[in-house]
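The same subunit A turns up in both complexes below, where it pairs with subunit B and then with subunit C.
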Partner chain A sequence: MRRVAAVARNTFRESVRERVLYNLLFFAVIMTVSGLLLGELSIRQDAKIIKDLGLAAMDLFGTLIALFVGVGLVSKEIERRSLHPLLAKPLSRDEFLLGKFAGLGFTLLVNVGLMTGGLYATLLALRRGADPALLKAVFAIYLALLVTVALALLLSILTSTAVASVSTLCLVIAGRYSDVILNLGDVVPGMPAWALRAVMILIPNFRNFDLKDRVVYGDPVTFGDLGWITAYAAAYTGTVITLAVIAFRRRELT
Partner chain B sequence: MVEAPPAVDIRGLSKSYRIGHLRAQRRQAVHDLSLRVPRGVVFGCLGPNGSGKSTTLKLLLGLLFPDSGSATILGQPIGARAARQSLGYLPENPYFYDYLTPNEYLDYAGRLFGLPPGARKDRTRELLDLVGLAEAADVHLRRFSKGMLQRLGVAQALVNRPELVFLDEPMSGLDPLGRRSVREIILRLKAEGSTVFFSTHILADAETLCDEVALLRGGSLVAKGRLDQILSLDVTHMEVLVSGLGPQEVSGLPAGVETFRAMGERLVLHVPEKELGDVVVAVEQRGGRVLSVQPVRQSLEDYFFAEMGHPAKGETWTAGA
Partner chain C sequence: MALLLAAAVPWTQGRIDARLGTHRAQEEVLYLWSGDQVRRLAPGFEDLMADVYWLRTVQYFGGQRVYAVNKRFDLLLPLVNITVTLDPRMQIAYRYGATFLAETYPMGAGEPEAAVKLLERGVRNLPHDWRLRQDLGLFHYYFLSDAQRASQILLEAAEIPGAPPFLTTLAAQVLMRGGDRETSRQVWRRIFEQGEGPMRNNAAVHLAQLDALDALDNVNEAILAYERRTGVRPAALDELRRTGYRGPVADPSGVPFAYDRATGRATLARNSPLWRPQLK
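What follows is the complex of A and B.
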């Protein structure tokens, strides 16, 4: 556990030093500019627009980091051989992989946390109360990011960085439009039902994690809902990370 | 009493790499290698470029998996955590994280060994002094030169005061001072009872440091043993440096002179030991002067050239320092 924490700590430090948190600047600019503009216009709907925009930006920046940092997380260490001296120490491959995952997970937590703070600050500055329900949507976004990191990690161990980037991106997009896949049966007539089901199970259903509209437009999100998506994220991430651990154990480090 | 297991015991280790576009072909990198390294020695793994030294080390550290064969390290199978607790490893051309400083990297390494914070701090300072990086302790590694990285590589291999240290070409990239300090570190490790297993193609380093060597070629073991057993330590001939003689005068010298070559105005004669007296007299009779006489023993380098001739396919050979 201590060793996993040491790897996670170093991974977080890397992301800070390699300027992964720079997206926060963009986020701050988006929030400030939209806040100023809407403050001037003082439209009645402005709070909803700010919330929408804030959550969407959080989702986008988070996904980009999860995807591109996630793909390089372990593969870069294999390529540069920086893990050779570490694995000669009492650190196991499993611990290394879990530490890398936890480290990026923590980076994303900090990142999303700061963006959430920025969103609330903007709302408060415009004197539109701080709606706590937003946190539910943020939580769901964070779960989706962990699923994305797990996928990126697995694919980067199985394939090359380029293939992993593209295929993770495809999965993320496919998972967001999984309703389209549901209708695949109509598009590809001969497709058997079981194949359709298999595709639905394999592709992460990112729509489950999209609570933005419900929260912004005041549809209630129960803790039962949150519990369900947490369980889904845990099961999906757990499975994918387990596969990644198995693949990494067999990986030859030349 | 049961004897402690050897530091390294390799039994029939083989490894081939998949190569080519479809990774369908295989290139044999290590072939049926068996080797036993006793504790407390400095062991040199010698061989030309591409002879399988680094591959052997990576197999021993569990970075690569053997096609066949096995090995134990400090009595434990490859990859056992208990053995890794007492190991050190310097990879060839090491890369550490650009964004860390030596202080931070060694601290990270100390954490992986479960050292408490105070011990990490002391050990880090000690090691940076040892490898001469104390001044650069807080400089980001992205600004390090190759030799400085190599020094950090040596330091990180010693964080846990290892019983057994694997060093893959420890001298590479180092300046003369750096080489000397690595030589001293290796000898100090030995004095403290550690075993050092290092690879090199620099024969002079092996000659000055190793108790035992293994000579690899094309992935196979060519010779193994104490250096004085592999090499004949008898004087093979005398090297006589003379001046004031032209080539034609030399050809008239006693039959004992085997070869000679010019070095500027001077000539170097290779003379069998027992002919020395006659040759010196003959040189002086012809108006030349004997500047120096040096006994020559067979060196590893001579051995290599004699035993191996030209390198095997896919190898290149670098002799000397």
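What follows is the complex of A and C.
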């Protein structure tokens, strides 16, 4: 466990060194500008738009980081051949992989946490109240980011960096079209029900993690709802990480 | 060198805007996409896209300005439709869209039926919102002159939890005294009190028009009295002062009333911001 934590710590430091958190600057600019301008432009819709904008930015920036940094987590170490000396130490491949996942997970947590702070600061500065329900949407976004990291890790182990980036992006996009997948039977009438079901299970349903609209409009999101979303994320991420561990064990390192 | 080139960017942009128009991108987006297409393109970001279209709508049709300056009102309905398709719960988009669809040019598109359809869509999507139903009733009364239906809808609005008690009174008033100026004043006062931004400004203009019509009634009575007393019509409205008339001879915006000595009638001047073709 300590070794996993050490790899995670290093991954976080590396992310900071690689200026991954610079996206926070963009976020800060977006929040400040929107806070200053929206009151005039939107006919008192500023609070709603700031919430929409803040949550969408967390979702978008977070997904991009999870995807592109996630894909490079292991493959970069292999390409730079920096993995060999690491594995020569008392560190198993499983621990290395889990540490990498945890490290990026923590980077994303810091990223999302700071963005949440920025969002609340903007709302408070405009005297629009700090609605705690927003945290529920933020939590769901974070879970979606962990799923994305897991997918990026698995695919980067199975294929090249470029193919992994494209295929992870495709899966993330497909997962946001779960309603279309659900209605695939209408578009392709000959498609057997089991095949449709298989597609639905294989592709992560990112719609599950989209609570933005509900929290912004004050719809109830119970802890039961959050519990099931967490359980889905845990099951999906756990499966993908397990597959990644198996694939990484079998991967030949040249 | 870099500074020179950087300074050239806004300058060239200004030249392009001058040649092609500032709002060209908006039209392109409008004619390429429907709300459903935008929804399909941005899964998970529908609300944000709705906000973008809402801001475009307000930016183009004016946040605080009431009068159209080279505005194309044919863009209003598609913009609002895209907004509410992406975010069916954005109440303000229905109210704003309906207001400027219903008003006659230069304040709006002059399409009250489309405005009522938009409000009906809003009422379907937000069945527990009394304000939208109230607006639907008021629009039926004021723009479609259907007092019966207006009264019925206002009563429905009154039954929604949280609705103010005045809706029941207003429903009865609309039905019993439909068409009179005092009822119209009540209607626009309600919209003014609840309105925001341009909708509030629009209601303020209607209230000023009603005041102008009251003032015109007094002026025209004074003209008749002057004619009865002197045997001739006044050459100008200022002459009414000689007979003791103390009321205003200008509308609430300060523009003097137009006066036609041949007919002996004062009317709103065409250069007044309150003038509308249907106001007689």
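General observations
FYI, the second predicted complex is superposed on the first by the 249 of 254 C-alpha atoms of A that agree within 3 Å, B and C clash if a C-alpha of one lies under 4 Å from a C-alpha of the other, contacts with A are read in each partner's own complex, and residues count from 1 in each chain.
Quick note on the criterion: a contact is a pair of C-beta atoms (placed from the backbone, for glycine too) under 8 Å apart; a residue touches a chain by one contact, two chains touch by 3 or more.
Model, not experiment: these values are computed from the prediction.
When the two structures are aligned on the shared chain, A:A231 is found in touch with neither subunit B nor subunit C.
Contact with subunit C, but none with subunit B, is seen for A:Y217 once the two complexes are overlaid on the shared chain.
Look at A:A195: by the touch rule set out above, it reaches neither subunit B nor subunit C. Once the two complexes are overlaid on the shared chain, A:R2 sits against subunit B while remaining clear of subunit C.
Subunit A meets subunit B in the complex at residues 2-3, 6, 9-10, 13-14, 17-18, 80-82, 84-92, 252-254.
Across the interface of their complex, subunit A is touched by residues 40, 43-48, 51, 54-55, 58-59, 63, 87, 89-90, 92, 96, 196-199 of subunit C.
Contacts from subunit A toward subunit C in the complex involve residues 38, 40-45, 48-49, 52-53, 56, 59-60, 173, 176-177, 180, 206-207, 210, 212-213, 216-217.
The touching residues of subunit B, when paired with subunit A in their complex, are 17, 58, 61-65, 81, 84-85, 87-91, 93-97, 99-100, 104, 108-109, 111-114, 153, 156-157, 159-160, 166.
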